[in-house]
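After this come two complexes, each holding chain A, first together with chain B and then together with chain C.
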Partner chain A sequence: MTGLEGPAAATGGLLLLFAAALLLAASGLPALLLGWRSARGEGWATLLAVAGSAVGVAGGIALLAAPGPSSLRLPWLLPGGVAFGGDALSGFFALPVFVVGGLGAVYGSAYWDLRRHPRHGRRLRFCYGAGLASLVLLLLARDGLTFLVCWEAMALGTYFLVVTEEEKPAVREAGWIYLLYSHAALLCLFALFALQARIGGSFAFGPVPASAPGGLRGALFLLALVGFGIKAGAMPLHSWLPGAHASAPSHVSALMSGVVLKMGIYGLVRVVGLVEAPPVWWGATLLSLGALSSFFGVVFAIGQHDLKKLLAYHSIENIGIILLGLGLAVTGRATGRVDWVVLGMAGCLLHVWNHALFKSLLFLGAGSVLHATGTRELDRLGGLARRMPATATLFLLGSVAISGLPPLNGFVSELSIYLGLTRAALGPGAVWVALAAPVLAATGALAVACFVKVYGIVFLGTGRSAAAEAADESPRRMLVPMALLGGACAAIGIAPGLFAPAVDRAIAAWGGGVAGGARWGAFVPLAWMPVAAGALLLLVGLLAAALVPTVRRARARQPDLPTWDCGFVGSSPRLQYTASSFAELVTSRFGWALAPEVREPRIEGIFPAPSSFHSEAGDSVLDRLLRPAVRRVEALAARLRLSQQGSLQQYILYIVIALAVLLLLSLRPGWIPGGPGGR
Partner chain B sequence: MTSLLDTLVAALLLVNLVALGTSRIGTMIRAVSLQGLLLGLLALAAHGEVSNRVLLLALASVLLKAWLIPAVLFRALRQVAIQREVEPLLGLLPSLLLGALATALALAAAGRLPFAEERLAPLFVPAALAAIAAGLILLVTRRKAITQVVGYLVLENGIFVFGLLLVEAMPFLVEVGVLLDLFVGIFVLSIIIHHINREFSSLDTRRLSQLKE
Partner chain C sequence: MALSQVAVHLLVLLLLPPLLAGVIQRTKSVFAGRRGPSLWQGYRDLAKLAQKEVALGAGTTWVFWLAPAVGLVTTLMAGLVVPLGPFDAPVSFAGDFVLFAYLLALGRFFAATAALDTGSPFEGMGAAREVSFAWLTEPALFFAFLVLARISGSLQLEDMLRAPEGALWRDSTAALVLTAAGVLIVLLAECSRVPVDDPATHLELTMIHEVMVLDHSGPLLGLVEYGAAMKLLVLEVLLLHLVVPAADIRGWLGLGLFLAGMLAIGVLIGGIESTMARLRLARVPALLVAAVLSCGFALLLLGR
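For the complex of A and B:
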């Protein structure tokens, strides 16, 4: 093949990733061709997806291990040529695609059984494979046009995944909003790459020199921020995300949240990485956006009653944390602080992995709950820890990880960002960067509160509905992928040093020498992490061992009775804490942002009539800002309908008027260069 | 030579007005057919010597515009059994006056437009503009599908006159393309006329507004 250049490991990795994309794209075809009665298509789909993912993981590792980038030029494929390439950054972002994608395919084979879902099972499998393939190619694209083609393929593939259950109106609406947002993002990216081509002279990804006009560079950054920010779900641009994540089948939600959002981050990282010497305000913008997303993401999450919507808002929070890391790194690049670059970027990149792992685990856990009980409503669940012990344990593991608690992986990446922010606080230089640290701390605290709520409501207590009482543990094909994800969370949390080389390579590929070969391990005591984790586990174990006899004795002395109910006879599971009552403490503080819709009964008289209380937190940006704005535009546009009467003659008359006006304009002296007036 | 060109162009302008001023569809089609013939002659007379290209162009023009298309239209006319354009959106006399006004404006405007070709432009540009204007007036004011086709043809003839002006500069392929385009367009339209007639038992294009959203 001509045009393939680079070190052997890098070219090999590139070709392996292409092979993986091919296998993934083909994975849905057998099911499509075999017809809906055959269950064999499903086996093929899972097998091909797993094989593709395995090949892809090998390719990603090869790219991370390679000493330099590789490139592949196909000048004949499109006018202007098509450029692909593989470097450590692509490899770094590709690994979660394959891990989450492959495990999701295995999970999906049990969760979305073809025999139980004959209507949309086959389309789901095809779009799943095609979507994964487009993600891989997106990571390898090295010119603007190829990138846009892959981007659009990804947007369409994931759109069809989101609307899998198209017969439900809520799903259709969520899909529609997702499609609108995707296209808004695409428009920004069109402008972005046109601008990049104008600065760089071609669509190929090349460095944007510091000598380029500041206005153009600023526009480039803002377009990238909006275009990629929409895809990543950064806070004011996030409204598509909760609906789309909640409506998709759970393994697709895992993919959307764990991987597809990261493509927005990848685009931002890639484009910002091309720019030499970015100005400080870029970093400040990223930091503020990250602070906004992380804090309000978790605040919105606490207000949710829908398990998957709640997890979706946590994706916004985690994207915020990732943006904080990126903002720190960009500020470091602007001010020449190598330690900020390394710590911020390591936190950003590692959190991309971590979030992909624990959020997929949580979404698969939520899918497991949904599979067993048929509901996502928190207030219809409860007591599942007894009925589904494996799911409960794995969900707890994911909850601890997402809350950023040691010894799991969420802690490691957040620690890196904390260390960077602390260094900023100690000065010298841009001390204001450290303002992000309290926001990050508040976010972590609220996340813990939120997951105490989720775990408590869903898995503890007693079941709030018959479905929750009758739930059964999920089959092994759903539990094993979750267990593997949980294992990966623990591995990164306990021994981050093992993964430090990958992070170092990716930072080097991003910074292009800015990091100056500095290693992440130089700033974070990686070697001490396993020791600290071991000590922590030992402590917890000792504490548990000390407490167990006491608890046993207490249990043995007391008979198993219901909770004391103040003499009120007829206790019911509805007397337990509800999702809203638990969250009330936090949501009431943020009523101005959440704007929950509350239906509060007025209680009058000595013997009031039965009444009910209801509160629901919608998406403020969508419901309070965008929908009214769109309605106003629609009302204005309705006046234009007068001009649309469906009469052919009228339309031709419009053309005539336009032509006549143009002719008259052209007769004005001086209007045409070299015209009669111009002479 | 110039007097011949003058006569031809004047005849072209008159034919426009005939098409605008008659209510009989048969007369309109004959007018367009005559216009096609005039265009062929104009093509021959415009450039001093007659090259193969110009000869081919003139022949194709006469064959298509003066014979084939009118024949197709007459056939459609016989099928749908109508004779007259009744109740045009704008009366015959007003549309005739409008056509005359457009011709006058075209003559006035042409003098002010920049053209490289010094010899023919003062003659051809107003003729082209007037024919385009007449075609557009027909398209806007007439209701029957078949008269719409006639309006389209007159418009196309105007563009053809422009093309004659640029015959040296315009690639042969483009001219052939334009003619082919025209032919296919008319062909399709005549089929549509047939179907509109069968579906709505009328050729009134106002019925088409039922198709709007």
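For the complex of A and C:
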């Protein structure tokens, strides 16, 4: 029952991850004890978080390099003991936790300086460390109960991170919705693990055999889909996500979007991986959900003009892309197609890494913009590339990466998924899988549109407000983490071959014998990526070098040349295209889904009075579906108040009736279905 | 593959584009009863632009002047994964069609970003249109790729484009014709031709591509024009291989056939531009949806 088992590298990795979790959990404590005026608390928190992350990265790499899984069983704490374990899949998902978490801690030390935020700085440090530690333990949990405990610790830790600025009503509301959704997910997971324990005989993660009743397996899948889908933010279960991500401090948003969402994906991957020979409809469901999330995620994103909300909707899009990969892999498992399993799973897993990298880069960039200007409103920004050149360049890098364009990392994972989907078109069988490819193409084109809009409106043109005109570049402690994330995006994009072994190990840990030792590199032209990227960079570099003297001459000769204004004098920054007008061509097509709230003034008379136009795209699922439904339920529930008159006798009567019913049930007369008498 | 083959491929890719633009221009002139500029005017324009000085708006950043270079290089690289008539593609690997589409998207990303860099409302308008129509052209293009992949049984663009010939072409004529119609619409939209955009218009409010490059001048404008012409060539190659089932004719005859085909498509585009009016902006998505449906239906025909 007790003991640590497994190959040396795997047990070492497991212990390193525990050490990392301990360091991270402890990282906020010194600051709590030292008082807010002390700079030392800040230093300790950052130091411990970075040390924990470094130890964790080593542990994650050890797990990926280990030839097999390790396990640790402790007989205490929970009924049946606590089971932990480490394998390549855990290691794969753990690495972004430490990379994003550690870099976020460094960024946060400048972004959310303790001395400027006496009210919530120390609590933020503590919850940040504790939340990271719960993520690590969640990845190591190997039985249902341990998993649920870690899951709840993660949900609460991140809840307190979201409501850091609790004095703002919008933040409290976002936090409340997040908490509700988290617990809805938790309920599903309770049912899920109870069901799994019933099929497998214990809470320990064990294979779900193909011989188990189909109905139970189907219920297991649907519960996992809803429970983990809520956490991952898959559409239409996503409504908590935009508010929560926008309200949290930016390095927390980076963590939430880059890492915490992936725990939903991890859970889904882990649970589906336990099931032997899944039916085809699971893959089809995942593919449809992925297509829906990716396409409508980006459609909703393009309608936003709050920088962080826009990025949050893009997380939904990327979760959709990840689900497309997973759906392809599950379909491959159901139909015995090794190539789909490898290509789909590689796309899914690598996109987990990629999204963690570029999305946290973008959220940190958005944080720098917020830090410098005090606003997230796109239409109040502009021209920041001249005030904050380093931040702008890094944000542009992230924008190209998230749009899935070569030569950066987003392209590699999308290529893997595209290849799998197109292979389906070759036949035989399941040609319908290929229909996801055009959806992914449309998503990619919309992502380009969306990030042209973001980068163009925020960083280019002329400032649209005084705050944007007065912005200053961020300090180095904020720029260096972003630069490291950007470097990682470029590394995966240019030389994906270096990371292929990690992907292969994780696929093997997931698919077991299904992948049959097939390697990702056998299906994807990994060797061509450095060639294509090198040629692209070299040719652009050569042309740029040729242009530089011309550009210098032009700038020196005419230093203050205006743009072409069509002969209109009195040009002002307010004439520039705005975020809403840029998106209008797309949002007007999807009015039925976006349901933007528009306040359009009537313009009357020859000399109309000054007026203003306002449009706002809320979350349709929340505003048009859930809120009305909750109100309806509330109205129905209000009728139950008739039975609550505050009279003691009446309540005693209820108790007597309940007792009588229970007595009747315990007698188990034959007419109650399910009772032993009924069998 | 022989080095000389690659050299000729590159030469065609680099030298042909301005002539194509000239052919379209000449066709339009003939339709309008004018004599029109020489077929070689494109080359003269480029040479002249290369010698001119550049004017840069004060607010612009490096994105503004780097974008034309990115546009040209991405198009050139996209041109390396397609076969040009008798010449094999110098670069070919499984999934190169994704690289093809995404390289063009990278060029579009930078072109639109550069337009926003000027801060001009007109250029913002053009950029918004350019990137907004792409969400319908890309799925059409990918449906076309799926059709070709299914016909050829390959995931390499070269084999996909070379496959429709002989018996294969006869067996799937209907699907190929539908795909070709879709690709033609994609070509017209991506290269900003009538009926999606009018390259000859002079009203900023109605332009797409032209309004995005209002501020580019001298060599920068030259790069933009050259890149646009090359994009036209690369997309025409896709169309040509779909409609002409004669890819196995090699040597000089093959080259002649290829050039004739390219110029014929140029004449076709010129003809379309002369005989059609451009669509109202709000109607353009309907045309693009038609392209998606056309290519999608082609896949359906093959999926039986």
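The rule we apply is simple: the second predicted complex is superposed on the first by the 613 of 679 C-alpha atoms of A that agree within 3 Å, B and C clash if a C-alpha of one lies under 4 Å from a C-alpha of the other, contacts with A are read in each partner's own complex, and residues count from 1 in each chain.
Throughout what follows, contacts are C-beta pairs under 8 Å (C-beta built on N, C-alpha and C of every residue); 3 or more make two chains touch, one makes a residue touch a chain.
Just so it is clear, the model here is predicted, and its values are computed rather than measured.
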Item to check | Which partner reaches more residues of chain A (counting touched residues only), chain B or chain C | outcome: C
Checklist entry - A:Ser647 contacts which: chain B (first), chain C (second), both, neither? => result first
Checklist entry - Touching A:Ala45, do we find chain B (first), chain C (second), both, or neither? => result neither
Checklist entry - With the two structures laid over each other on chain A, which partner does A:Gly383 touch: chain B (first), chain C (second), both, or neither? => result second
Checklist entry - For A:Leu663, is the partner it touches chain B (first), chain C (second), both, or none of the two (neither)? => result first
Checklist entry - Just which bits of chain A does chain B share with chain C as contact spots? => result none
Checklist entry - In the complex of these two chains, what residues of chain C are touching chain A? => result 53-59, 61, 63, 65-66, 69-70, 72-74, 76-77, 91, 93-96, 98-99, 101-103, 105-106, 108-109, 112-113, 115-125, 127-129, 131-143, 145-146, 149-150, 153, 155, 204, 214-215, 218-220, 223, 285, 292, 296, 299, 303
Checklist entry - Quick one: in the complex, what on chain A touches chain B? => result 644-649, 652-653, 655-656, 659, 663, 666-667, 672, 674-676
Item to check | In the complex, chain B residues that touch chain A | outcome: 89, 109, 112-114, 136, 139-143, 148, 205-206, 208-213
Next on the checklist: Help me check something: in the complex, which residues belonging to chain A touch chain C?
Outcome noted: 382-383, 385-386, 389, 392, 396, 400, 403-406, 411, 414-415, 418-419, 422-423, 425-427, 431, 434, 437-442, 444-446, 448-449, 451-453, 455-457, 460-462, 523-525, 528, 531-532, 535-536, 539-540, 543-544, 547, 550-551, 553-555, 557-566, 573, 575-577, 581-586, 589
